[in-house]
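We call the chains A, B and C, going by the order they appear; numbering starts again at 1 in every chain.
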Amino acid sequence: MPHGEAATAESFRSARVRRFLVAALVFAALALSPLAIRSVYLQNVLVLTLLYAAVSQSWNILGGYCGQISLGHGLYFGIGAYATSVLFVTWGILPWGGMIVGGVLAVAVALLIGYPCFRLQGHYFAIATLVIAQSGLVLMQNWDFVGAARGIQWPFGPDSWWTLQFARAKTPYIEVSLALLVASWLATVLIGESRWGYWWRAVKDDALAAESLGVEVFRSKMAAAGVSAFFTAVGGGVYAAFLAYIDPDAVMSFRFSLLFALPAVLGGIGTPWGPLVGAAVLVPLGEFSRSYLGGSGSGLDLVIYGALVMAVALARPQGLLSLVPRRRAAP
Amino acid sequence: MTATALLQVFASGLMTGLIYGLVASGLSLIFGLMEVVNFAHGEFLMLAMFATFGLVVFTGIDPGLLAPLVAAAMFVFGAAVYALVIRFAMRVETNRGMVQIFATFGLSILMQGAAQYLFSPDYRSIRTSWLGERTLHVGGVFLPWPLLFGGLVSIATFGGLYLVMTRTAFGKALEATREDQGAVALVGIDCNRMFALGWGLGAALVGLAGAVLAVFYYVFPGVGASFSLIAYVTVALGGFGSVFGALAAGIVVGLVEAFTAVVLPPELKSLGIYALYLVIVFLRPAGLFGKF
Amino acid sequence: MSGAAILELASVSKRFEGLVANSEVSFSVAEGEILGLIGPNGAGKSTLFSLIAGALVPTAGTIRFAGADITALPAPERCRQGIGRTFQVPRSFDSMSVLENVMVGSFVRSSSSSAARAKAAAVLEFVGLAPRAASFAGALTPPEKRRLEVARALATEPKLLLLDEVLAGLTPAEARAGVDLVRAIRARGITVVMVEHVMEIVMPLVDRAVVLDIGRVLAVGSPAEVVRNEAVIAAYLGERHRAA
């Protein structure tokens, strides 16, 4: 059997080509799906699925690849949603610009938070991210300039790609959410193949061993936090444009922070497809049970959703993706 | 601000803090025993509050007297949750931390949904308690009786807990299990049974807290969320797993919250707690009373 | 054979809250030699390794590498300067393949992934793990994990390699293969310091040995000198007695 450098490089290249081909097919199918899915209700579910997948992919970069379990990603989502809304509603800056501003702002906040927090271990780190996000929530609830607890209503206007406002059509939001998912998928895969990606996984598996191999552990965590926060915030911006109304609880509550982690964990943490698989199961299930069972807040939908989360977590700890047999580059 | 007013803030902060300590004690006990953070802790509290409410409605007995009954029921519930859910989460070999987070998070959603389904999302309150609207008035300081009662129950519970942990065979086995599971198995203590009893005891402690809170706080399906975050912070400050650390941290949290509400608008009072947590973990990465 | 000193320890001490792990340890390692660091259990060998590799900071004393003071440098920087290490209990990255584990090491010298991959494949060939390149590190047998530790450290292109009990717990045939590997590493011009517990394995392999006991240097010299040393015999006999 041939091995050694040439064979290794060859098998890697073919696996890589296969991976990008599969991705191209999946994303193309999703891009064309509005042609087949005509129901506005189903299109709505699709928007949410893709958006959750994208944001969960962003969480996955820090939580799944670098192993830093953040319970405060709602903060970055909220920063994106608020930056986009405030800039648009107050100064008329188009949401496209607002999303980028929100993303950059979230990176700055993530680095500022990471600097002290990445010295904390395990649960102390997780609770610190939770506490900081919750502080952000309390501040937003009381900050009059951004509408405090009342939130921000986007003005009604004509349908337009510039302002990303569409009264009835859902297709544009499907395409925008998909674009964000593709961007975060590409970032994950491309960075994952680079030195940073290897450093992140080394930090997750064993930080002490990583340091002995020249890995800058602290810098790795900061880099992962920055990339992760950026895409999460852009997701917040898209969500704000989609809803055309935001308030603190609707974009940055603690539950959101957990819901962003959930698809990645249930689909397959630290894998490029885990978040999409997890979101494709969780979001439709949550939405369907809400429509059929949760009418007038009966709560039955939550019972089913909660039971499902427990069942998958317990029955499939490696994530749903592990049900698919993996083809490894056989030596 | 006058001395009396300061004393007033101190007294109500102290009483609230004692209750926070009680709320957090069960979470801390379970964490210390098996390093599991129960993300359904707030919903355990919610369940205990509904149980108290229901018992009051059906029996007409004063909620203060029902507390032991609620605690006993919660003991059974906690042990059942261990046997039906947590036991399986502990067996997992990959991603154990995440599985524990999401198994208990799923449970919290389920419990909230069930409460909404059975009791509707309405806010309820108990109006029949003997403690009800009474207030203790000492030297210019006003303390509502329900709050005072909660503080006293907390002190009594921690006293009893201390005796159980130090004087009984069960307490010693519990302490030994948290220190070294492997060794404990060798001397013939069944870890599984200890864990189940630990979850039972943890839930019973929340049960007492729930019975106390139901007297003066609104009962509704989402009530757990307002207390669970405070409980996490309290447990972390006390040093994960230290039950009596949780009491001390609970008092600190209650006082900081009360004094923050004096300095800042009351809506921002939780910011003081969060800031306290961050300052302390940055200075002492193992919590206020934690061992390094 | 022995050139200039590549590593010098001067009065290095390490205390953990009252417990003394290393006390006034001084010795030097010549470029190109194989030095054995031996001693009974609890002699402070692994702590000393962590001090040299930068995982721990000494309480007192200085460590010099290739002529420069490295006492205060963090572990990743020491790795870049040319110190590689393995761990007594293998610490592989279990969610990654064997090849990917080694790539983490080779990224120290090359920022391109394809160069790092080629380098890692070559190193795996050298240590004899190439057939396992695509397996998950978690699926390796214990002796294979030891080899992976060595491969990872070699991929960082060290000038000095610290091997922590890489020969322990192996069958005689595996141990012979391990000895050959250490010789092959030295033949590449890499200085080797190896901790071993079992004297019989290391003595024929090393040029010199440093014997530690309760954190202090007991003896330094050629294997022949060391095994005749009264203090060393006493320490080892003492241990046999304790073990009995």
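Here, contacts are C-beta pairs under 8 Å (C-beta built on N, C-alpha and C of every residue); 3 or more make two chains touch, one makes a residue touch a chain.
In this text the structure is predicted, and so the values were computed from the model without any measurement.
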Nearest-to-centre chain - CA centroid comparison: A
Interface with the most contact pairs, given as the two chains involved: A-B
Chain at maximum distance from subunit B, centres defined as averaged CA atoms: C
Inter-chain centre distance, subunit A versus subunit B - centres from mean C-alpha coordinates, in Å: 32
Rounded Å distance between subunit B and subunit C, as computed from the means of their C-alpha atoms: 49
Approximate Å spacing (C-alpha centroids) for the pair subunit A, subunit C: 42
Subunit C-touching residues of subunit A, taken from the complex the two chains share: 1, 3-5, 8-9, 11-12, 193-195, 198-199, 201-202, 204-206, 208-217, 270, 328-331
Subunit B partner contacts - residues on subunit A that touch it in the complex: 69, 116, 119-124, 127-128, 130-132, 134-135, 138-139, 141-142, 254, 258, 261-262, 265-266, 269, 297-311, 313-314, 317-319
Residue ranges of subunit B in contact with subunit A within the complex: 37, 39, 85, 88-89, 92-99, 101-103, 105-118, 120-121, 221, 225, 229, 232-233, 236, 240, 265, 267-268, 270-271, 274-275, 277-278, 281-282, 285-287
Contact footprint of subunit A on subunit C as seen in their complex: 53-55, 74-76, 79-80, 84-85, 87, 91-97, 99-100, 103-105, 107-108, 111, 113-114, 116-118, 121-122, 125, 130-134, 152-153, 155-156
